[in-house]
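Have a look at this one before I ask anything.
Each chain carries a letter (A, B, C and D) given by its place in the written order, and its residues are counted from 1.
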């Protein structure tokens, strides 16, 4: 069995106790939207690529017809003079075992850079269509929970009641054994489609915690685009109920706007 | 491929030939209920945690909003001056290969502590709704069978006829090669829901074998709660047959009362 | 990942270029029936046990309520002063990778004992209900094909047209790279149920090839039992078409008579 | 876990910077048809066989009733005095992890022979029934794209929009990290059946790029055979719509004509 591969794009990277912010694909793409937005706004620099046989055996095609394997990427950014590492990517592991292997690799990297704290970001599916600005949290330390509450993150007894599946949860739980504080912050989302609105709520809280300010225009624009797609979907649905012919949203309408 | 991880919470653990009692999740949660009850009543102490890529990639949320990875745990308790090890957990392996790997790890631990005997506890699905106080057994040694029969455990020719799938069976069969006596004791259960009643029958037999007495109040209470849930389910079913609207049991009603 | 385990029951086994006859479970259980019959009739002795994480995580219960893990077994028998090794078992690998791993292990054993020839036995599903005494063959050497034809084995151009899946095929193909002659002999069978009749046809051919004679009474008895089960099934089917209530064959009727 | 196995049929193979042309099974079998045709026409010689536990555990039967395991094969041919390596085979990996492992093995071989360029060939499913002579490309280098455009290969922005799954894509993307130029060339195909017509279009472009000429009669013949099968299928479909009995194409009609 081939192991996952870490490609270091900068061998001599020296950071001062950077926190690590993780936004891998998940419910509503909430975490991924937030971290990609921050990477853009802070002009963070790509420093590591992770390839894994636990990702799908797939390559993606760039605009210029070149290809790249699906991967996870670590970026380095700066805010208020502080170093921040960001972890984003195309996919999470497609296998259970791979989740454990990749989580272990990411925590090795965190230890290497003496990361004192990790925030993993995700969406919390409500199953309801109405939006909700709440940000729900869990953490691996009670003191950290008290600290984060101050920023408006809600902590509810034993919630999510079904636990958390995937990297966002594993990273928080296993970082305890490495002596790293960690919390998972979840934006409430219907959970059916990409949710830039929930991403905005989550980003606001995170910015307060990181003491930074970022322009949210592009997220706002994505939210409006999704709003308009949803409107069209609703109209079409109503038309169909009245006997109009079915009009599917075009691929253009729905594709991920990264 | 990452291996399973054993975390020792007590490095200097010295035990006198402890027996090992195993209650992992299975049919009717019978084995898990019994061992968790014993751990509580004997105030057994957590001594080892086992994490494995063969468990689901999931974390569970505690009441105080902290998280922990799903795992298996070994406790150390004392009864009549004798050491007892208990193995319980959230999950069994989700893969076939993982069952073999974890079973091998558990037997390594048993050998390390010179465990002379293992009891694995489980449920035996009858598929019938009526309860049955019988405890059925299999073992890895005919002398041991004769000894256990004395305590009211039934041994039926070639039963269970479909064999036993999972840790309870593998541990008994493979412990023979390590020179360890082992038996699997199974409480009869309808097999559809958590069965604290079957757990009580099994616990009574086990207590006789271990020459201990434990308070069974909390198991009794759980049995009553399940009884009341089943009553509600029956009523609702009858109402539905009479045209009443469907009323599902709430999650509260059915959740595992650990 | 745990490797498969070979347990040697006789450390000092010395054999004179034994042939290896393989009868693992497959279509109609034809190969398994033949080899188990030979093991019984030649009073072959158990010399090795193979355990593998690629088998189901299951134990079987003996008559006396002791248990054993599912496994594959190698027996040593003698016929006309010649050594013969037999490979039988409860299961083939449940994973693709396991098939390759176990096949490699079996060929290591064959090399260790300087096995000059391997016969793998199986069933060839015709999909028709009528029985057929033909024995079909494939081999890893054209000279061997000519030799075996003499015994009435049929070799048909490019047949089986879909190739052969599982140990019977892999062992024959990969033994070529170890310099071992090998053929796969297949009894024609409807393929729906255990087929002792097809096993008899195959056994007759094999006995000629091995220049041995064995009593076939027990196989004949099994064939009669299956005949009577099939009769009952047919009757019941006809009754049902005439509106009689359905009567399923009991588990007793259908269980494997090993 | 067993690793894939490379069998070298020629230990002392010395080649002058050969390009590598890959035609593994995929949509419409387009890539496989092209490379098998070139192997035949250039009388290329088998130099390596690859066996893998990630292929199905299956053997294929030759005309003479001998068997061989499913595999991938590397051939060596010559055109215009230049060395060419060809990679073809029965199957791609059946597991995600296996795709990564085999891709890595193939690139090791490419590095060993100082391969300067790789062309992977495949089909691009249009989902439409009409044929299309377009050859679509992606590559791992923009200069290479400019060069290949000259030969009539089309490069469309971000297409295929879903990326490429399997060896054809992985080899192109990962060869970048080994300093090897690589492109994936795809013949347009309805994608439902073997498509020798699309293979012809792709082969024409490839021959121009390799500056070779090959006889295409056998591909033409296969295209005609498929045409006639499709005609029959259409006729039968029309008959059925008119109430005629269903006549399935025989296996003979549809089998792969290698």
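Here, contacts are C-beta pairs under 8 Å (C-beta built on N, C-alpha and C of every residue); 3 or more make two chains touch, one makes a residue touch a chain.
Because the structure is a prediction, the values reported are computed rather than measured.
Novice: Take chain B away without moving anything else; what clusters of touching chains remain?
Specialist: Minus chain B, contact groups: still one piece.
Novice: Chain A-chain D contact: same residues or different, taking over half shared as same?
Specialist: different
Novice: Compute the rotation angle for the C-alpha superposition of chain A onto chain B, expressed as a multiple of 5 degrees.
Specialist: 90
Novice: In whole angstrom, how far does the Cα centroid of chain B sit from the Cα centroid of chain C?
Specialist: That pair's centroid distance is 38 Å.
Novice: Can you check how far apart chain A and chain C are, centre to centre, with Cα atoms defining each centre and the answer in Å?
Specialist: Once rounded, the distance between the two centres reads 53 Å.
Novice: Give me the residues of chain D that touch two or more other chains.
Specialist: Counting only residues that touch two or more other chains, chain D contributes 1.
Novice: Show me, using the given definition of touch, all chain pairs that touch one another.
Specialist: Every pair of chains in contact is listed here: A-B, A-D, B-C, C-D.
Novice: For a test of understanding, state which residues of chain B touch chain C in their complex under the given definition.
Specialist: Within the complex, chain B contacts chain C at residues 1, 93, 96-97, 99-101, 103-104, 137-142, 145, 155-161, 163-167, 169-170, 172-174, 177, 184.
Novice: Along chain A, where are the residues that touch chain D in the complex?
Specialist: Its residues touching chain D are 1-2, 7, 51-70, 94-95, 251, 255.
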